[in-house]
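Each of the two complexes below includes chain A, the first together with chain B, the second together with chain C.
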Partner chain A sequence: MNLRTKFFKFKRDLNRWSLLLLLILAIVSIPILTIGLKLFNGPGESWEHIVDHVLYDYLRNSVYLALMCSLIVIFFGVSSAWLVSRFEFPFRKQLEWLLILPLSVPAYIMAYAYAGIFGYYGLFQTMSARLGFENISLDVMNIYGLSFVLSMSLFPYVYVSSRTFFLAQATNLLEASRMLGISELKSFFKLILPLARPAIIAGLVLVLMEVLNDYGAASYYGVSTFTTGIFRSWFSLGEPETAIYLSAILLAIVFGLILLEKWQRRHLKFSSAKSSKQNYNSRVLPSKTNQVLFSSFCFIPVFLGFILPVIQLLIWTEQTFSKVWNTDFIMISIESFGIAFITSCVTVFTALLLLFFTRWNKLGLLKSSSKLGILGYAIPGVIIAIGVLIPSLTLDKWLIQNNITSKLILNATLTALIYAYVVRFLAVAYQPLESSSLKIDRSLSDSSKVLGEGNFKTFFKIEFPLIRAGLLSAFILVFIDILKELPLTLIMKPYNVNTLAVKSYEYASDEMVSSAALPSLLIILTALIPAIFLNKLLLKNASNS
Partner chain B sequence: MVSVLVLSCKTEEKKEDNKKDQELTVYTHRHYESDQELFKEFEKESGISLNIVNASADELIQKMSLEGEESPADVLITVDAGRLYRAKSKDLLQAFDSPMIDSIVPSHLRDEDQQWVSLTKRARVIAYAKDRVDSTQLSTYDNLTSEEWSDKILVRSSSNIYNQSLLASIIANQGKEFAEDWAQGVVDNMARSPKGNDRDQVKAVANNEGDLAIVNTYYIGKLLNSKDEDEVKAGKSVTIFFPNQETTGTHVNVSGIGVAKHAPNKENAIKFIEFLLQEKAQNIFAGSNYEYPVNPNVEPADILKSWGDFKEDELSLNELGKNNKDAVIIFDKVGWK
Partner chain C sequence: MQATLKIDNLTKTYDQGKVKALDEVSFYVDKGDICAVVGESGSGKTTLIRLIAGLEELDQGEILIENQLVASIKKNTAPEKRDVGMVFQEYALFPHLSVLDNVTYGIKKSKSKKETALETLDLVGLKGFEKRYPHELSGGQQQRVALARALAPKPSVLILDEPFSNLDAMMRHKLRNEVFNIIKKTGVTAIFVTHDTQDALAVADEILILQNGKLIQKDEASALYKKPQSIYVASLFGNTIQLNKGLQTAFKCPLKEDCCHAIRNENITVNEDCDYVSEAEILKRTFLGTHSQLLLRLDNGEHINVVTNEPVLGNTLRIGFNSKDVLAFEE
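For the complex of A and B:
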């Protein structure tokens, strides 16, 4: 193809959506680009030392962690999502939303809780002593314990994304397969699992990004990963340049994962059969034994990921309540809730724009690079904070120099904080939206357009109602994530605004983990309200659509 | 909706605050409860309202250098002298003059260029198992590398600033090569791979995972006064030993404060520092956080007094900052996680 035809193709495909998409992409990738530009300054002087002595360890541990977590979250996430969507058994309705709850426990708090449970005179030792086993101990503070703790707090990502898919999934395929005499188990593995792959992987990508940038839990358990390495080279060695180099490698790995995922579904069009109508009353009623089995199976991750750590937090709260509790906490809870609410709305809206502008845009190049916008999730919060601080301060300083303003108007304001959150959490909103929009039968929107309706009208009449379930899971996931978020909040928050996560960090970093229990419990409580409420909406939606 | 309202009120409030002259922005790495108490007390006494930014010193230093001349920070508080040195060498602090401060704080606890001053001291000591170790077996930090302690030493990760400063002091006192051998020797004697915080090391001694824990003094005070019975039990299972009494003295680090280079409220900043060094505030540092006060007129907490006086390493605190990076590199080389 010569240049001329290339140019004409470009001109033909360029539409206003391409420009709008470019705008959104530019806005959300400013911080990432800022960090990228820093790469040209070269690494710090200790780079060689890092390559010689520790890089291999970082890489090996991170890969190991990612693999183990993937196995555990897929096992618990997918199987429990399938059981609650397909079968009827005792406590199914309660388990449905209980399975989301582990998300509300920040991973580092869960790490502390488990260290407490299995530590010196913890629940485990006390209980086993009571049963007559003296002096047995189980060490969780290692890479295996870390994989377990991270998986238990993150598997709901996979659970939510695959359940959203199962709920809206056509049952007629499954019915047909059952009628042809294929067993339930075989139908699941041969038919449902392959169909659910994009949804499962969408959840898994989130889990992996979160695993890769966990700092609190890994450093407490003494496991050196890429992210602890980033912190170490920045803070201990005092070389932000080196930290940025390490982040760039991490980013390349994540971007590779995303491309791999796109490539693996390159030929597949995942739109489901025409009348995708699942009546959720049509759940199968298994035998009595199986009912008990299914209930208990779904209860395991709820117990390990929520009930057990919460028991530990309650024990600690009981010890420290009188010292820690004051009325400020009510105010702080409201503030945390408010920040999370506003930011979730903005984030979900931005993700929606990103998704549909990409779809309406016809430029191939832009289409394939739209994923750049969600890379923020893989970058440790502190680095994002730097990426936001540099451009916003530059703007601030420019405004002051030109006498437009007299002081910093962006620095340490809610606007800057919310912007940073959006950059960081766009992926969390984008993944469920994308996977639910992939299920929409393309012919629906196509026919609407053929009939002369524009993109907007088609969106509101056809697509929007169909992805409502995805919108809701996007909202809830972002909301909970923001409630838990820490490093970014610490640097960016306005002075007189406080969040529960910051409060619990203050205690935990002072080695007063037991005092951190109360704010942690409040985070969990605050996250419970939307989790339960939105779970109801999710179901209602699935039954209406 | 309620929360949206609350948030918008907050922003309003802030605007009004800015109109008043009487304010002070504090960038602090200290996150102890005692500090909250002190900040409230200062606001009440002086009528100056405080804006507190609480994050790790490194993040705060990074933030200050990005903000440059427009930085709202008036003072920077760290929990380690090395970080004050780093802020100073990045040209983020300025000299300040206060006869009162000079008269209170001994000169080795102040920066030679008057850019920062210590608020409290903490010693990095050995906590040994009462029932398994005799104090006569202990002598110096160097002694920790002897074969006798093989599989017995508990210490946290080298990412921790207190460990870095300890090794930095060894580098300064005995040279790089010696320091590397020492770190290697400690790694060889570790009872387990480093994990957890200082309190966890003491708990591990109580749990018989090792015999010696390298910890900061105030954590022992906090364990003994914990609401958690098991923490108290763990605290009681160990005794404190001050190493290097016959040689250079026990390694001491400080929590300190400096005035930001572009502080908008320098006068208030000095008032604030003076407040923190006077007896009232120093008593709170000592009493509820079990740190050693820098004001000589203030007694340490009873628990600390019960451990007796000790000889401090009077190495210039700036050395801790100068040798910090070498320390981290040595830790990486010898595999101290």
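For the complex of A and C:
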């Protein structure tokens, strides 16, 4: 095709949706572009010092955390997912959704709880003293404890992704393998595990992104990671340039992870293998001993990841309730829920625009690159915060210098905070919307168009009524993520506004960790809704597939 | 007669030009005609109708509907502005709308909307089904609602994408005749895609054969059957035996060397006098209900498979054919 034809085709296919899509992509990529552009300004004064003395620590600690967490989450996540989807044992049904609950406990809250449990006169010491072991102590406030705490709060990602695979795909293959004379255990390692690899790694990548994103738990346990390093350079050293350089390295690591995940999936399309419906319920009944063993094994991560920390929080809440429960707390709760509500609406709306503008746009290149818009989820909150702060501050300065306004209208305002949230959580809203819209047969919207309705009317009359469930799940998932969010909120929130997550962090870092229990419990209780909801959705999908 | 649909030099590629789905296809359909597009899967049938409907963009060529240019390299009229109706393979009925709302959906005139919809439902024999929802209907009824919905806005061109592929054989024949009687009654120009040549022969005024994205023949049904331009086209419309050198020797029928020849199975006679004959030994009989399949060894040792509904006794027989039935194609 010659250049002339290409130009004509480009002109023909360029429509207003292409331009609007480009606008959305431009808006959500401002933070990353900022980091990229600012790299050219050179690093700050302390950069050399950081490279010589602490960069290695950041790198080593982050890699160590990533490795340890991978091992633990795969051990608990995959094995429990396999047990509940393959075998029948007492309390299996309950354990199936209980195993998702740790997801409702943010890592930093888990960190506070475990610090309390193993601290002086904590649950651990009191219990062991009662059993006759005096003066036993276990220090968890180090990188080992941090790995454990992060893993316990994040393993459900791997549990959920591998269980989805096991429920939908594995049974008939496994039956074929057993018919060929291979034992259950051998079949698992030879057949199921390699097949489940893409699913497991997909879950694992989510875990690693959260590990790299974590600020609250690492700073509370005093472990230096990239995220804490970026905070320190920005706030303690007052060197945005250095923070940007560290962010760029962290970004490179994250993008490396994404590429690695794509690479490992390159030829693998296992998940498209057909499953047989009737096998869904055909679980194997193991021996009595094994049944008890399996129940107990699946109970361990539930106990460590949910029950134990919640017990600690309840004990603290009982001690501090009268002190913490006041009008201030109620105000913070309302603000926190209000911000989450408004932001969820904006995020879901933006995701909807991104999804449908992509469809209505006819330029191939733009269509294939529109997914860049949801990359924010992979980028640690602290980097997005910096990427938003810098341009908003520049814009404010310019406005003041040109006498357009007299005060900061973007920086440290709710608008900037909501914008940063949207960039970070667009993917969380986009994915359920996309999957529910993909379930609608393409011919439905095609036939509406052939019958004379344009994109807009087709959307309101046909697509919108059919993706309502997707909209609801998108809304709830974003709502919870915003409620839990810490590092980005910590940097971006306006002075006169507070959230439950920040309040609990403030209590914990002011040596009042027991007071952090009430806001933490409120976050966990709210986050429980989608944990249960997500499980129902998963079961429904599995029985439909 | 005036052409309602005119396709000129239409080309469509996928995967950045690597896969050619349609390759310089040109044809026209006269007003009120029913044109069938026949081809194997991957031949470009679906791409062709999606381009006509405006659901995809072409890479080369032009599409004109009622003499209006609707698609070219510079222009692409949106599907909603093309005056085209379409019945989708899976019917694509809106699951959340009642039968009446489905049929009303595309009707523009607000005054007589309901009347037009009811009239069209009556036309397809679904009077009294207005309030039902798609999932409450049988496959055949859904098909008819889809037809009513496409016909109600009175489009210039009606496209039907494999309209009977979801129905069982009994239903298929019954509905096929019904559907095309309705289409003829409305006088709409129709283009329908099928991989079933029997459907095409039964109802189409003209048949278009696509192979690997190329239009290889377009003709009336009887002409296409009698004078196929290639062995591929001939074999689409029934069991065809290629007359290679060995068979020509066995039947003692010297044919032109620069041509490729074939004979349709139904033109092979058993134990009858005809122009070319050969003795044959039966190696294997397969009983197929109304007819039998025979594996034969001819005089000169050549093997041939023949289907016949004549009762065959004994182990030998005489088969043959007449010279008027021999199909010839240029190589």
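One rule holds in what follows: the second predicted complex is superposed on the first by the 347 of 545 C-alpha atoms of A that agree within 3 Å, B and C clash if a C-alpha of one lies under 4 Å from a C-alpha of the other, contacts with A are read in each partner's own complex, and residues count from 1 in each chain.
Here, a residue touches a chain if its C-beta (ideal position, glycine included) is under 8 Å from a C-beta of that chain, and two chains touch if they have at least 3 such contacts.
In this text, all values refer to a predicted model and were calculated from it rather than measured experimentally.
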Review point. Between chain B (first) and chain C (second), which does A:Tyr220 come into contact with in this model arrangement: first, second, both, or neither?
Key: first
Review point. Is A:Lys262 in contact with chain B, with chain C, with both, or with neither (first, second, both, neither)?
Key: neither
Review point. When the two structures are overlaid on chain A, which partner does A:Lys288 contact: first (chain B), second (chain C), both, or neither?
Key: neither
Point to revise | Which superposed partner A:Lys186 touches (first chain B, second chain C, both, neither) | key: neither
Point to revise | chain C versus chain B, contacts on chain A by residue | key: B
Check your understanding: Which holds for A:Asp13: it touches chain B only (first), chain C only (second), both, or neither?
Key -> second
Exercise for review: Could you look at A:Ser46 and tell me whether it touches chain B, chain C, both or neither (first, second, both, neither)?
Suggested key: first
Practice item. Pick one for A:Met141: touches chain B only (first), chain C only (second), both, or neither. Key: first
Check your understanding: Touching A:Arg60, do we find chain B (first), chain C (second), both, or neither?
Key -> neither
Point to revise | Interface residues, chain A side, partner chain B - complex | key: 46, 49-50, 53-54, 115, 119-121, 137, 141-142, 219-222, 224, 228, 231-232, 234-238, 240, 316, 319-320, 323, 331, 334-335, 337-339, 341-342, 382, 385-386, 389-390, 393, 396-397, 400, 407-408, 411-414, 487, 490-491, 494-497, 502, 505-507, 509-512, 514-515
Review point. Chain C touches which residues of chain A in the complex?
Key: 1, 5, 8-9, 11-13, 362, 441, 443-444, 446-454, 461-462, 465-466
Practice item. Going by the contact rule at the top, pick out the chain B residues touching chain A in the complex. Key: 2-4, 6-7, 10-11, 13-14, 17-18, 25, 31-33, 51-56, 58-59, 62-63, 66-68, 70, 72, 86, 157-159, 161, 164, 193-200, 203-204, 206-207, 219, 222, 226-228, 230, 233-234, 324-325, 328-329, 332-333, 337
Review point. Touching chain A in the complex: which residues of chain C?
Key: 17, 53-55, 57, 59-60, 73-76, 78-82, 84-86, 88-90, 92, 94-96, 105-106, 108, 149-150, 153
